[in-house]
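Right after this note come the structures.
Consider the two complexes below, in which subunit A is the common component and subunit B and subunit C are the respective partners.
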Partner chain A sequence: MRIAAIAWNTFREAVRDRILYSILAFALLLIGASVILAGLSIGQESRIVKDLGLASTTLFGTFIAIFLGITLVSKEIERRTIYVIIPKPISRPGFLIGKYCGLVLTLMVTVGVMGLMVFLLSGLVDGVLTPTLLIAAGLDFVALMIITAVALLFSTFSTPTLSAILTVAVFVIGRLSGDLTVFAEQFADPILRRLIWVMYLTLPDLGRFQFGSRVVQGLPLVPADIGMAVAYGLAYMSFLLLLAITIFQRRDFK
Partner chain B sequence: MTPRALLSITRAPWLAGVLAGAVLVGVVIPLHRHQAVATKFDLVEERVWLLPPVGALRVASLGFHGMAADAVWLLTVQYIGGHFMTDGRFPELRRLVEAVVSLDPHFVEAYTLGALFLDYSGAHVQASLDLLQRGYRANPNRWELPHDIARTYYLELKDYAKALEWFKIADQIPGRPAYVPRFLARLYAATGHRETALELWQAMRDSATSDWVRDIAEREIAKLERQPAGPSTQGETTQP
Partner chain C sequence: MGPVIEVSGLCKDFRVGFWRKRVRVLHPLDLTVHGGEIFGYLGPNGAGKTTTLKLLTGLILPTAGSARLLGHDLAEVAAKRQIGFLPENPYFYDYLTGREFLDLCGRLFGVNAPLRRDRIARLLRLTELEAAADQQLRKYSKGMLQRLGLAQALINDPSLVILDEPMSGLDPLGRKAMRDIILQLKTEGRTVFFSSHILPDVEVLCDRVAILAAGRLRDVGRLAEILKTPTEDIELTLQRVPSGLLPALQALAHAPLLHQPDGVLVRLPDETRLDEALRSALAAGARVVSIVPQRQTLEDHFLREVQGAAR
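Presenting the complex of A and B:
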């Protein structure tokens, strides 16, 4: 119940934040503008609307996750509200999980709005609805849950600016981590190749959640692949949350 | 007007707003419009010329390969449009289309339209075939690619044996147009090449998603219609 109360309060606080509405407005504007761009594409209207729409959902969802995630803990410290919360009968892990769930709820709503807009717009352009677009947006949301957990982890021990830089770095690495395996093959040194391979396995692979291109091409989605991606996402998110809890437990708020 | 006077004007918010509007409408837009009109075509050429290599594009697009392919495709469309209306030559088209399909190997229309305009420019039939064959290897379930390979062999190279081979492949793929079996029958009989060519171009005209493609098809139809509809041209052809 206490975790739920913290989550609900975090959600209410986030939806009052003007930055959320600014980012959402830009995202919806870009998704809407895809229809104009699509008109220049020689028969590729549907493809452009879907591609640009899904990419906007991911990008702007990431901005929201980073901008709100990096201040989750630091804002409480800055306002000194954490000194009021910590002595109350709620555990530190409970506090952190509540905060995380509140932000994930905010993301669910915003990604839901963006995903629905892409879904309806592509239906308007195609003349037929593509339900698999919603699955692709859902998988993007799982990737955003990881980014939120990364932002939360950094916010437990670092300043908002540094947390933002580090989270953006993890996002970039995560989007390109699939290329690390190709990169590793360029080196003759087996130790270096092994090291790159370990990096690939340890860092989040956000490419695993990209099902958008298959949806755009009308290729079938394999349920086992979706299941594996979701399982990987939840496992990685748990790992990050546990790490954040470990660091947060050791912080001195007296 | 002194800076002090300007500062005192901008203290009145509505006046500053009016001033901002006047600067936008009176200076910014006319200047921008002048430059946009003067450099429209050059800008596309410059962007084509400065397009980074595919490897760099893949990294810079941060895994949003579909969106990057769309962006290069939009540039390709502008490039085709510019040259189609002027010299009818597309020296950078191959590089552009290869960038698109390297970013997204399933972008079937980039292969087919790219190949069509490479054909149209006359000097790139082999490049067009290479592109379509690459597309077929990446998308073996799409009838459009073997169909267009067959069409290129048939219409451009007059190699009816190869055309038959590729039409047979297209015929096996679900969703292929109803006229493919008719073409196969004619190719087996090695007759009616003019009618087949006419029907191929008519099919392209009817399914065209762009005025440029429709325009090419109509020119070819007009050319064929001027030819006499005589007996089979069997003697001139490679036997299927």
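Presenting the complex of A and C:
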């Protein structure tokens, strides 16, 4: 009940913020505009709607995750609202998990709205619905859960600006993570090669969640790949949350 | 009643500056607060009052020492179930209404929905916030926020209420209302532990006080015990004093005589000298206007302790 109360309050804070609606409106506008762009292409209408739609969902979802995630804890400390919450009978890990769940709920709603719009628009253009689009959007959501956990982790010990820089860096490296292994092979120096491998193993491999291109090309999705991606996502997210809790447990709220 | 707060050797260091130099802001503190009493925790700004309160409420972690609240160790979440806390200059989620905020606090204490509704209605009445209950907190004045802070501190029907500078920023009416509520909490059998530097309020409210200065406990006890010297000074005012008597009066006084419109003011250190001065004055034909014993106030004692700590 206590974690749910914190989560619900975090969700309520996000949905009462006009900025969230502006971002969502802009994203929906861009997804809608994909239909106009599709009209300019010859025989590629469906592909453009799906491609642009999924890319917009990822882009704006990531923006929301980073924008809200980096201030998740620091804002509570800066505005001193945490002084009223910590003295209540909720543990520090409970508070942090509640904040995380609240933001994940916000993302679920926003990604859900965007994903549903892409799904319906592509059905309109195609004349037939593509359920795999929803699976691709769902996996994108798991990747966003990791980004949110990264932002939350940085938020427990650094300023919003530094958190934003670090989270964006992790996001960019994470998206290119799959290429790191190929990149490592290009180096003769074994130390450098090992260093790149360590980076690959430590940083999140967000490429694992990109099923959009397969969906757009009409290729089948392999359930085992989906299962592995979800398991990897949940394990990585749990690791980040544990790290964030460890730091948060030792903090003084002066 | 048994102890509600038991503090033993609790201390706190902060690390400051680029080199993370360790600075002790609270020296080992031993303190016991008994059930049902109003306990005043006094000290000038920077004395370590808020640090102590933050340690007791889990906002900061102790460097050493321990504390038990209502029989529970400080680190246990269970310790917080029966505690209400009002931070200094409270800040709340300004996107919530007063009612929504109290509901959130009730949920965090695990209070069920029907009981929450009843308590919220009662507390909004107690703090005179009924009319503003459905307004967002960003529209509340400072006094209203302070009253809402008190309401949230009472949402769990606590046995122990900890208040950090509850009178700070309130107008005289607000201070009077806060005093009345604190006294009501005592009559309901709750323990109130509050920090303050507004001494007249403390003098009126507290059963016991502790004085903290420069992070060290200087004194603790009942007001009557702390203000041990019942009279510090006796002021005798005389009229029609013959000029020949003035040197004798000056010899008995411990301060220069003051010639005032209503007579001569003689400040005497004790009752023996007062008797002597009275005998001499009456024999010389002077008229006694008044005899006023000057009692030591909490403020006098507080200033002495704090200045002593500064030296």
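By our rule, the second predicted complex is superposed on the first by the 253 of 254 C-alpha atoms of A that agree within 3 Å, B and C clash if a C-alpha of one lies under 4 Å from a C-alpha of the other, contacts with A are read in each partner's own complex, and residues count from 1 in each chain.
Here, contacts are C-beta pairs under 8 Å (C-beta built on N, C-alpha and C of every residue); 3 or more make two chains touch, one makes a residue touch a chain.
Because the structure is predicted, anything quoted here is derived from the model rather than measured.
**Q** Regarding the shared-chain residue A:Gly207, is it in contact with subunit B (first), subunit C (second), both, or neither?
**A** Once the two structures are laid over each other on A, A:Gly207 reaches subunit B alone.
**Q** If we overlay the two complexes on their shared chain A, which of subunit B and subunit C does A:Glu13 touch? Say first, second, both or neither.
**A** second
**Q** Classify the contacts of A:Ile90 with the two partner chains as first (subunit B alone), second (subunit C alone), both, or neither.
**A** So A:Ile90 only meets subunit C here.
**Q** Once chain A of both complexes is superposed, is A:Asp252 in touch with subunit B (first), subunit C (second), both, or neither?
**A** second
**Q** Tell me the contact category for A:Val35 with respect to subunit B and subunit C: first, second, both or neither.
**A** So A:Val35 meets neither subunit B nor subunit C here.
**Q** Contact-wise, after the overlay, does A:Ile173 reach subunit B, subunit C, both or neither (first, second, both, neither)?
**A** A:Ile173 contacts neither subunit B nor subunit C.
**Q** Please indicate which partner A:Ile226 is in contact with in the superposed arrangement: first for subunit B, second for subunit C, both, or neither.
**A** Touch status of A:Ile226: no partner.
**Q** Which residues of subunit A touch subunit C in their complex?
**A** That would be residues 1-2, 4-6, 9, 12-13, 16-17, 79-91, 250, 252-254 of subunit A.
**Q** Could you please specify the touching residues of subunit C with respect to subunit A in the complex?
**A** 14, 54, 57-61, 77-78, 80-81, 83, 85, 87, 89-93, 95-96, 104-105, 107-110, 149, 152, 162
**Q** Which subunit A residues qualify as touching subunit B in the complex?
**A** Listed in rising order, the residues of subunit A that touch subunit B are 37, 40-44, 47-48, 51-52, 54-55, 58-59, 172, 175-176, 178-179, 206-207, 210, 212-213, 216-217, 219.
**Q** Quick one: in the complex, what on subunit B touches subunit A?
**A** It comes out as residues 58-59, 62-67, 69-70, 73-74, 77-78, 104, 106-107, 109, 113, 209-210, 212-213.
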